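Note that subunit A is present in both complexes that follow, paired respectively with subunit B and with subunit C.
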Partner chain A sequence: MAAEGDKFVYDPERNYDDATMAQIRVMENEIASQNNIVSDRLSLQTLMEEYADADDAFKLKIKDLESRYRYMRRTRGDGNCFYRAFGFACLEQFLTDSKTLPRFKEVAQKSRDELVSLGFPQFTIEDFHESFMAAIKQVEKQCSVTELSNIFNDQGLSDYIVVYLRLLVSGYLQKEADFFANFIEGERTVKEFCNQEVEPMGKESDHIHIIALTTTLDVPVRVEYMDRVDSEKCTQHNFPEESQPSIALLYRPGHYDILYS
Partner chain B sequence: MAIEQSFLLLKKQLAELNKNPVEGFSAGLLDDEDMYKWEVLIYGPPDTLFEGGFFKAHLIFPKEYPLKPPKMIFQTEIFHPNIAKDGSVCISILHEPGDDKYGYEKASERWLPVHTVETILVSVISMLADPNDESPANVDAAKIWRENPDEFKKRVAKCVRKSQDAFE
Partner chain C sequence: MTSMEKRLQKELQALTKDPPAGVIVNTESVSQNMSEWIVDLYGAPGSLYDGEKFQLSFKFSPRYPFDSPQVMFIGPNIPVHPHVYSNGHICLSILTDDWSPALSVTSVCLSIVSMLSSCQEKKRPPDNAIYVKTCSKNPKKTRWFYHDDTV
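== the complex of A and B ==
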């Protein structure tokens, strides 16, 4: 780093890339040291406390949330939060309602072969798939919520599950490429979009990712949007639209957490 | 746990490459005790200026592999627009998303967790045949490649000869 006041002179021999990445690493570590990957269940009160100094628009929205939800679980803001929030909430619901777990497990089990048939090399996706299946098997054995939380807070296991969920999204978007091509911004093919915005770790999720993951796993989700939109209530959206989701996520611009009624 | 996973994944790849070698390169560990440091030997691809050469390179994997990419550094001298003078390979798939300082075009593919030693080397071999002068790591090589093909040919031929001598 140049001392303050020094004029910046570009040195073509220097690799600024490494310096930038090193700085990003420092920021990542800071975020990682301050938050669990997935937190314990917290009262929604903590959300109100977080916005104590914010304008009334947010407070009204939190009040609105409080009329429908009682708890939340925070996820780490590392760009993978949608996958972790969805993955955790999805597996956690099977701990209390295991009726549909066998079907879910079958879908998850088969998904690897579907990815292989779409051209993903089996050799490389196997490990990610195994981590995902191992978590499902724990749930099948009726593990405790703490045990599930331990899996999602183990960086290695948790990241492997995220990689696999990203592959599922990528696979579904590519399978339905004709349809999704209409929703992709810029001059990109669906495959390019997947390589740039879906498969790399840390890339944030948009509607299109949510539609793909909820559809391919057949687990609907409700998202409560707490944003700057001028309204006293949070906007709700079910994925898919006509579904009756039993899991809910809270969206604040750039971030997803889990909500519980 | 993350450490164990990357260790196992690399071990699996090593076993697979020993069992089913891939055309164009051979791979092994630099030091039998360290799964995270590999030595690869790339055979200069046929019908390119690099044909006939033997290029040794190291692959250094982070503990977070495959979530983060390895670094690849040629040990054999090699004259190429996308290989820095210290041997570091600068190709888009070895860079994480968001890592834009070399100014790769937007559409180029970045590091993905599904990449393996094999997919990396396939990309590097294709890079040898087909340099990308939009994001050169060796500016001199890029300039000569663009402006003076004959001189570029000569410089590469010299590297190829030197690389062969090293194996005699």
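== the complex of A and C ==
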């Protein structure tokens, strides 16, 4: 290792990849060991504490949030946070309001065959579908919130559900490719976009992913945007726009958590 | 059986029952060790590799299908291709960045066959000499930069 102050000189004969990737693994493990995949319900006060040293812009936005929400649930920042936040909040709402659960279950059940008809190989998707359906069945049996939380905090089960939600997004975008082609940046087809930005684990989500998942599952969501935009309030956005969502997510650049009123 | 073994068992069944053209899994290698497969690959008719036989090695970690498989060409015949290094390493985005747990051994083989079939000129990657000298034995430890999808 070079002594402090020495200028870094690139040595083309040396392999830097091993060290870089080992460093990435260390960072991933650190994130994993410090946080639950999905946390318990926390007072919004914890958000204020997190921004204690931040400028007033953020504090004003948190105050604004506090006027509408009382609790939050944090998700791990591993690039899958939107899927876990949405998946958890979506299933959790059916624990208190089970009226629309049968319809949701039917949509979820049928979705596998739709994916197969779009060309996804059945033998790879069925395991993910089964895990998703198993979680829905637990909710149908009115399991406790703790039991639902245990499912989402089991890395294996949780990841299987995330994969399935990613496939649902990919399937919907591909089914409506003519429409979504207009919103994809760069010289990519919708299918290429799905292969690169939707299906791989850890790839972050944007508006287009949220539109696809909320539409295909017919579960609307409200997102509160807490970003650097110059205003005293968080910007709200409903997906789809004219809906009345009963679940809400907090977006901070690059990350989604769950909000409760 | 672990979820990795269960998944590989399913893939093996599908691949032996309904193999894509030019892809033959060596079931003998698999029966000895479920986490290491050898797959024979035949150059597609009409392509620059028509009539050539290649061997692919697949290694699976216990985190498969969340970890991508480690895939490389092995044996006496390594295809001469702008994305294949002479040590068998392959520059293909689905093997690292774009891997998804919904992909499979079959889909990886199909991508490699298609990569070979679309080749216009048999040549090694421009940085072959330096890469082969400095790279790790495991191609997954290379940070690949995918710049050219046209070959």
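Observations on the model:
Here is the rule we use: the second predicted complex is superposed on the first by the 241 of 261 C-alpha atoms of A that agree within 3 Å, B and C clash if a C-alpha of one lies under 4 Å from a C-alpha of the other, contacts with A are read in each partner's own complex, and residues count from 1 in each chain.
One rule holds for everything that comes next: a contact is a pair of C-beta atoms (placed from the backbone, for glycine too) under 8 Å apart; a residue touches a chain by one contact, two chains touch by 3 or more.
Because the structure is a prediction, the values reported are computed rather than measured.
In the superposition on chain A, A:D218 makes contact with neither subunit B nor subunit C. Once the two complexes are laid over each other on the shared chain, residue contacts for A:E49 go to neither subunit B nor subunit C. Once the two complexes are laid over each other on the shared chain, residue contacts for A:D154 go to subunit B alone; subunit C is not touched. With both structures placed on the common chain, the touch criterion links A:T20 to subunit B and to subunit C. Of the two partners subunit B and subunit C, more residues of subunit A are touched by B.
Of the two partner chains, subunit B and subunit C are each touched by A:F120. Touched by subunit B in one complex and by subunit C in the other are residues 12, 15, 17, 20-21, 120-121, 123-125, 127-128, 156, 159, 163, 167, 195-196, 199-201 of subunit A. Of all the residues in subunit B, the ones that touch subunit A in their complex are 1-5, 8-9, 12, 16, 66-67, 95-99, 101-102, 106-107, 109-116, 119, 139. If you check the complex, the residues on subunit C that touch subunit A are 3, 6-7, 10-11, 14, 65-66, 93-94, 97-104, 106-107, 130, 133-136, 141-143. Across the complex, subunit C is touched by residues 12-15, 17-18, 20-21, 120-121, 123-125, 127-128, 156, 159, 163, 166-167, 195-196, 199-201 of subunit A.
Chain contact summary for the complex, subunit A toward subunit B: residues 12, 15-17, 20-21, 24, 120-121, 123-125, 127-128, 154-157, 159-160, 163, 167, 186, 188, 192, 195-196, 199-203.
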